[in-house]
Each structure stands twice: as C-alpha cells, then as structure tokens.
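By letter and in written order, the chains are A, B and C; residue numbering begins at 1 in each of them.
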Amino acid sequence: MLPTTIHTRLDDLSSLNPGLHNRDFLLTWEHPESTIRFVLAAAALLEELARARVSARVFDTGLGVSIFRDKSTRTRHAFRAGCNLLGLATEELEESTSQVSHGETARETATMIGFLTEAIGIRDDMFLGEGHRYMQEVAASLEESYREGVLAQRPAVLNLQCDLDHPTQSLADLMHLIQVFGGLEALGGKRLVMSWAYSPTYGKPLSVPQGVIALMTRFGMDVVLARPEGYDLVNEPLDAARHSAEASGGSFRIVGSMAEAFDAADIVYPKSWAPLWAMRERTSLQRAGDAATLGALEGEALANNARFKDWACDEAMMRRTRDGRALYMHCLPADVSGVSCPQGEVSRAVFERARLDTYREARHKPFIVAALILATRFADPARALSDIVERATGQGRETMPRD
Amino acid sequence: MLPTTIHTRLDDLSSLNPGLHNRDFLLTWEHPESTIRFVLAAAALLEELARARVSARVFDTGLGVSIFRDKSTRTRHAFRAGCNLLGLATEELEESTSQVSHGETARETATMIGFLTEAIGIRDDMFLGEGHRYMQEVAASLEESYREGVLAQRPAVLNLQCDLDHPTQSLADLMHLIQVFGGLEALGGKRLVMSWAYSPTYGKPLSVPQGVIALMTRFGMDVVLARPEGYDLVNEPLDAARHSAEASGGSFRIVGSMAEAFDAADIVYPKSWAPLWAMRERTSLQRAGDAATLGALEGEALANNARFKDWACDEAMMRRTRDGRALYMHCLPADVSGVSCPQGEVSRAVFERARLDTYREARHKPFIVAALILATRFADPARALSDIVERATGQGRETMPRD
Amino acid sequence: MLPTTIHTRLDDLSSLNPGLHNRDFLLTWEHPESTIRFVLAAAALLEELARARVSARVFDTGLGVSIFRDKSTRTRHAFRAGCNLLGLATEELEESTSQVSHGETARETATMIGFLTEAIGIRDDMFLGEGHRYMQEVAASLEESYREGVLAQRPAVLNLQCDLDHPTQSLADLMHLIQVFGGLEALGGKRLVMSWAYSPTYGKPLSVPQGVIALMTRFGMDVVLARPEGYDLVNEPLDAARHSAEASGGSFRIVGSMAEAFDAADIVYPKSWAPLWAMRERTSLQRAGDAATLGALEGEALANNARFKDWACDEAMMRRTRDGRALYMHCLPADVSGVSCPQGEVSRAVFERARLDTYREARHKPFIVAALILATRFADPARALSDIVERATGQGRETMPRD
C-alpha cells in the first residue's frame, strides 16, 4: 500500500537537520543546504503519503492564518491545503474588515492573531523594500511575545511571496525538476534559463525570477538570467545567486537576449516582470500617496514593455533549446498569446504542449507549505514523519478513505 | 441510542448502487433512479445519525471548495455543513481576490484548486447557457488532471445551482415530501403544483422550478406547472419532466392559471422566476457587455411581472387545494406580502402557518450535500456508512457530545 | 507534564453549576456569580491545557458561525481560535454575499445557519438599542426551531460585542486581573478606574466601559467611572454596576475628572467612547437613512471630544495612582499619542511600558469563548473538562505535538 521508497526517505530525513524549529522561513538563501534538502524530502514524503491516501494529520487542533496583500488563487489554496493536510484549520486576516493598522501597530496585530496559531503565511509582494520588511516585523513581534510568555507557542512566519523571494514557488519548482530529471544530483550541469518575456500587463513582481535564480544556483546548475535593459533584479538575490553558483560548482550569468539564452537550454522559465526602475518609483509614489503619478507610471512601464514584444517563447525559440525540447516551466497563470491576451509570454502551441507539466509543477506547493510547517513547529520533524508512517502501517489512526 | 431504523436503512442502501464514484453530480435527470434513491436514503441516514449525535466523520483531512457566482446564505451554509459533517474543511474561491480568469483558463483554475480537494461545489445560475457549461468545463479539467496523474484524487463537482437545475434543493424538497407523506412510495398519485408567483424583483433563476418538475415527475406524482405567458422554462428539464412522468406512471402538464392548478393540489410550490425571453436576452447582453440595455431590460421585465400580481398564494388560493390544506413549499427566502415586500408570492397568513414547515424542508440540504460527497468519493459508500454505524455502536471513535 | 493545579481546578469546577446548558450568553449581568466563576475557571483550565500542548478537542465535527456587523481583528480571531480549540470549524456569515434581509427575516436566517451549528457569535455594536435586540431575535428563533424539532441541537448565541455589553472582553479582562493579583478573592477592595480618554476618532462603542463596570463591581472592587459631561453610559449597565457593588461589598461611583479618579487607583482603564447623545442621535438618523446629517453629527461629536484633550493617560496622570504604578488596561487597539495618532488616549511612554501586559490581557479571550461554548453546549461541562484531562493523562487520544 505504502510506496517502498518511504523507508529510504525516512532514513534520509533523519540524517538531515532542518534547524528551523521555532523559526520562520522568509528567504531560501538565509538557510543552509541541509534545511533545503530536508524541506524537499519532507514534501516529497508527504506527497507520497497523500497519493497513498494516508492521513498526515499531526495537529488535533490549531490554526494557520494567512494575510494576502495581493491577489492569489494558487498560493492561497496551497497554504490552506498544506495546513489542512497536517490538521490545522485556516483563517484569513482580511484587512478591509479588520482594525488593522500599518506601521507601528503591525507588531500588535501579529501577536493578536498569534494566539493558538502555528503558522502565519504572508503575501506582500507589491512594493520593493516593503514585503520582506513587513514579514520581519511580524516575526519579531511573535518572537518577542513568545519569549515574554505572551504566546504559549511560536507561530512560524512563512513567506508566501514578498518583494525579494517566493520560496514556496521556487521550492515547488525545484521538486518538479527533481521528479523530471530523477533526483537533485541529476540537476548538476543542467542549463536553466530564467528569462524575461513580454506581457501586456504591468507590475508583475520580481520575486519569482529572484527566487528561481537564488535557489537553482545552489545545486550545480548553469543558470542564465536573460532580460532586456532596464529589467534588472534586486541586488540581494543576484548576489545570492552568484555566491551559490560558485559554492555549488555551477554557474550564473546574465545575458541581454532571450534567443542567446535559450541556446542549448535544458530548462526554460520565460516570465514577465516589471522594470526595476518602475518598481522603485512605484514604492516612492505609493509611500507619498501620489495616485496620479502612479497611473502615469503604469502607462510608461507598459510602453516600455512593448519595445520587447519579440521576447516571446514560441516554437522558433524552443527549437534553439537542447534537442529542441527543453522543459518549459511557469508559476502560472501564463500570458498565452491568443488565449489570455493577444500577444504574451508564450505561444499557444508551446504552452498547450507544456500545460499538464506546468500543472505538475504547481501541485507540489501544498506539500512544500506542509513541510515548512512541520520543520518550523516540531523539534524533531523527522520523528513526526516517521510517526505518521508508523501509524499508517500499524493499527493506529485510520487512513483516509481510498478511492 | 441509535434509532432502530438505522439497520433497515443500511440494508436498503447496500442493495442500491449509486454509480457515482469519481463522478460529478450536475443534473438529477442525468442519473438513474437507483442513484437518486441512494442519495435520498444516505442523506436520511446521515440526518438520523446527526440527531443521535453520532459523528459521521470519514475524512481525517481534506478540502471542500465552493465557488459562488451569485449570492447565497442557505446553500453556502449547507455546503459547509455537509462537508464539515464528513470531516472536510471548506474554503471558498473568492473571485475578486483571486487571479481567476474566465473562459479558457477556467480549466487551469479548476486543477489549481483541486489539489487535496474532495469536492467542489459551484453556484452559477445567473445566465442561461452559462452555468451548466461552466460546471462541465471544471469537471472536464479535473477529469483530465486526474487521468493524467496531476491530481491524486478526483474532486467531485457538485451543482449548487446552475441555469438548468438546483439538485441539492430539489432533493432536499423530495426528502421533505418523503417525511411528510411517509415514504417515497406514498407520493404516487399526489398532485404537486409548481407555480409561478408574482414578485417585485427581477432575475430570479429558473433552476428551482426546473429542478422540481424534473425530479418530482420521477416518482409517480401528478406534476402541474403553472405559469403566465412568457414565463416558460428551458426545454431540457421540460423534456426530462415529460419523459419521467411517462416512465414513472405519473403525469406532467402545463397550465396558464395558478387558480386552476391549485384545484385539489396536495402540494403547492408558488415561486417567482424571470421571464424566459428576458433571461435569454440578459445572457446576450451580458456577453456583449451592454450594461445600459441590461438596465432597460430589468425595467421591462419588472413591468411584465406586474401584469400578474394576482398570481399570489393567499388564503383564497389555498382553499382551492385538497381539503384546503395542501402542503406549502418554498426554497426560501419567500417574498411575503406585507413582510419582505408590499405584495409578493405569498400572503403573510399563509406563509406564517407554513413557516416552520419550510424550515423543516430546508434542513435536509446539508445532508444531501454530504450524501453526494459520500457517493462520489467512495467506491463503496454503503460500506462507509455502515462503518460509521459500527464505530458508533462499538468501541471505536467517540461520538459527539450529547446534549 | 500537566500543571499540578489542574486537579484542584477540576474539583472547583465540579462544585459550580454554570446553568448555561442550551442557553445563550449575551450580558454578564443576566447570569449569577456561579456562572461567572465557572466560565473563569473553565477558561483558566483550558489555557493551562493549551500551554501544556494538550488537545481540548471535544467536537469531532460541528460549526461555529460568526456574524460581524462591525470591524474586528482581535475578537474575530478569538472566536475562531476558541471554536477551533474545541474542534469546531468556523464560518462567517458575510452579509454582502448573502441574501440576508434585516428585521422580520433575521429570524429565518438564524435557523438557516443553525443546521449542525453549535455556536453563533455576533458583533453588532454600532447602534444603541439595536445590537442586543438583534441577538435576542436570533436567539429566540433558534430556541423556537429547537423546540419545534427543526434543529437537532440548540446553537448558543454568544455576544461578541453589542450596544450594551462586551462580555468576552470584560471576562478576559477579569482573568487578567485574577492572574496579576493572584486570585478573584485578592481583588476585594482594589480600586479600578474605568475612565473616558480623549481620542481623535468618532463613534467608539460604549460597550467596553459598560461591560467593565458591570462585571468588576461584582467582586468587591471599588469601581470608579470617570467621564466628562455628555459622555454618560446607558442606564442598564449603570444600574447593574450599582446593584452589584452593593451586593458584593464593593463600591461604584461616577466622577467628572480623570485626575481625581486616578488618585490611589490600583487599576486604570483609560479608553475613549462616543458621547451618549451622539450615539442616540446616530441610531435615529441611521433608522431614518439620513446620511447627510450623520456626517454633520460626526463633526459635532469630534469637536466635542476635542474639548477634553487633557483626558489623557500620561506619566503625570499615572503618578497619581497607588505608588505611581497602577496596572494599565486596554482592550486594544489604543490610540497612542505620537504613534497611532498625534494625540490620543495614552502617551507613548505609558503605553510602551504596559504593552506586553495588554497583550497578556488579550490572550485570554479565545479561552473565554471556548469556556462559554463548553458551558452552553454540554449538560455537564465540568465532566467534559475532566474527560479531556483524563484522555491526556491516560492512553487515549494523543496530545498535540510539543515544542
């Protein structure tokens, strides 16, 4: 009933120390390789258990709270599903119906929603310099309240996308690569292209490309970042990527042409994002409350996008890749030419061929969320996982209904 | 402690094959009588267990997702309560805070909210030709993703009201009739009148009358549809009603007078709906994005309604029914004259006398939802039910706290 | 593992009869002292169990429904957390996406959301004469539907703040006093000052000060209400406070000066509320739908507030209290001068020193909610609590994961 790989996985997990107990998970590059490996292995195990219809419930009661300061379908569902998988009920802090104040009092709200809460997932990706800082404020408040005995437990803050990183996305992406290529070790030397692509929309966050280059460089891949002039990324993840490439024996370089980057690529991730200068200006204008200039900025940024309509992942572009069949990746939703927009990131034919693969890429996210909760909330998360397996194979708690 | 009828019910259930495993429930007339009978019997059993404070939890974790494209209080609660009864946590896809796109990408969203999900309940009843089609799109995407191994389980799509049918309503209505008249068999020959009634509101969906005539004709009742000129229903459920009446030995006819229909009726269901021509035009205008003409259409439809203010269920109308005391039914909320509007579907006196009965009618809906989830998600749902009973009578999992 | 005080607490609880089974909890002064003592002791026990990571789950399934007719962060979380602690899933009735009608049909909606529901928490604090009445209507409908067999169980209505009282707040406040001063008995003779304080906002409800004076007078404290002219409270809680002070051997008086009230105070609760005349007029205008005059009223009330800017809890004011170190209390969020507003209820220095204490004050609320649910939904809630403890110490259901 249970896959035979389960026990190998459990052994692997017990040799890794995630080092996340009573901590947060905000940026992948803040954590050592053993942590990343633990999260990936735990998520894979939880996914196998779910396929075998084995309950991974470890909380009898408890809450997961989410705060979304930007729209979300996929990550919102993934957070709820990941919490539910472990037995946590979820609630969302809806700022419009709350007495939430910003700035100084974020600290207070954090503790108020921390009572009986195990995890707080936050998306705050709209403004450079804001999202990560807000998550740090929330985490600091929870830490203080836990230390001072106000909170009986330390809720973990999980980054569901900030201005710097989108770790549940990049880790789910990496799980996908591991499954497609047959293991983390098989990724060494593979060429992954994270490329800007044209989109007729404005203001897409920089955190997906930043998260991808910072994470994928850690496992010996040759990572190429391709973007037109003006579409740079923030320094911190760029530095992390350079550093990781060197440490892992891989490489990281930045090029100014999608076509050049696609040559001999094993994996391509063509995705739009906003110009760095526009994102910076947007933050200043937003802080100043200057709505009129914000509108003008949008027009300017869209006009700039339109100069690079040829940055599109079509059949000709794909033919440049290794054997013409690189793995296409996307965090979804993609701007598909002739489907969701007249002209966008990817042609209909390329996307349709890759579509189910992008769904497979997406399906790992609930398990990444669950693995992060396990790793932050349990002193010995490997033991918690082995208890789940024992319960399923023994005569303990019943498994889920089987199809 | 448990009612003595439980074991008879379990025997009955084990002889019925619902045939719904890994499928959806969109229209009652797509399913054979054995399916309908199974759902009714399973819902009745679940309701008895709930009254005996026996836990029917069969899922340790898992999600029920709802999508409401129209307002809802009763059905929203019923879906959440039905999911909760079996142990599923619920979440609602809120389209305004999501990146939901329509049309082509409904397919993608369906899979994205399908991870770890057991049931997806949808209300989409505003536009003729749209709601049922949307549910089919969602179901097709889930089916593909399950077949291709993207989803580990096949979430069932449950129709919480579309343009064609409102099956959780009509099945709850039928449960009410069974309880009032003492069994499904006792309904043969009973005269049920589904009648249009005046309301000063616009745009009420056609799915309740359509669902009622299509379902009630299957059990030998004499079903009469009464409506003014212009208030016809969609062909598909009309055809289903005609066919079912013939097959079941009942009858189905359409008349142009509420008074005539009420004569010697055993059951009356007076309820407003929009003119068919207005609903059709509304869909065209909405597709064309013509908001101005939509406003004009509303005025026209309301003026048309006002021509039929005498289609009201008052004391005089009720006196026409069998012994003057037909069972009054309504899906709620009713437009009660002098209460919720100056003049409406039913007089205050008639409604007040029937009020608690309409609450009794409504209370079955959570159990219909739960029965549909059991029947779609379990290969052997009768066995699942008998396991629940065994657990309650044995020494297994504790029951719910008793009052 | 379990604190040694647990068994003493269980003994105490078993000697108290809460008398709340199948009832509601709307106003503290409607209930005898034994009820209040039971709720406080049960909440304290539940809080100790949570700190020991012992699951207090007593419901396998079941729902808690909340209705918020005003913004809420703290109480919303507390309701959800309290329900979750006992195993209830929560849902919120969102009136904007529901077919909720007001007045006559509140009755109907109450029953429709009552199916399979154990508790309904309501906040309705905006209009004098409305909130408590609405809760009574909901409760009466549930009572009727339970009596008539429509509902299989009697959902308890819990007041999450109305126009008269805010019992989950005042009971949490009292738990805080008990912990700070070392027991309910230690509170006799302590001087508690509930004082109006300046705030640049309009329309804060009167229910917090009303709830505090009505509850704290029951335990022998010397309660002083301080407010400027025009900032009176509603008669019912004032009468309750007078009556309770007399019965408990404490005292209750009203003074017109914050400074005078603070002299030798042991506990101070400086908090703004709206002028009584403005709240009364607001209700009339709202009933009349007179939005223009409502705007003018706001301006008038704010101008009136501004006459009393010296009603602020600063260092000089605090020095007047007993040994200059009275316990500062607040229901949060406070209007802190120079932080959340230029000038407000409390100075930055005073608040910052008390900040973590106000968090401690707030943390009891989820347990008060859970204790109220236990007391209303169980015929023998002391037994339910002792079952939880037995299960944790025996070999029954596993406890929560430990940090």
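What we mean here is this: a residue touches a chain if its C-beta (ideal position, glycine included) is under 8 Å from a C-beta of that chain, and two chains touch if they have at least 3 such contacts.
Note that the structure is predicted; figures quoted are calculated from it, not measured.
A.B. asks: Counting shared numbers against all numbers at the contact of chain A and chain B, is it over half, same, or under half, different?
C.D. replies: Comparing the two copies, chain A and chain B contact each other through largely different residue numbers, since under half are shared.
A.B. asks: Rounding to the nearest 5 degrees, give the angle of the rotation that lays the CA atoms of chain B over those of chain C.
C.D. replies: The C-alpha superposition of chain B onto chain C needs 120 degrees.
A.B. asks: Determine the centre-to-centre distance between chain A and chain B, using the mean Cα coordinates as centres, and give it in whole Å.
C.D. replies: 40
A.B. asks: I need the residues of chain A touching at least two other chains; which ones are they?
C.D. replies: Correct list: 89.
A.B. asks: For the complex, give me every residue of chain A touching chain B.
C.D. replies: 50-51, 53, 55-57, 68, 71-74, 76-78, 80-81, 84-87, 89-90, 332-333, 339-340, 355-356, 359-360, 362-363, 365-366, 397-403
A.B. asks: Under the stated contact criterion, what part of chain A meets chain C in this complex?
C.D. replies: For this pair, the touching residues of chain A are 21-22, 58-63, 65, 89, 91, 93, 97-101, 104-105, 108-109, 111-113, 115-117, 144-145, 148-154, 377-379, 384.
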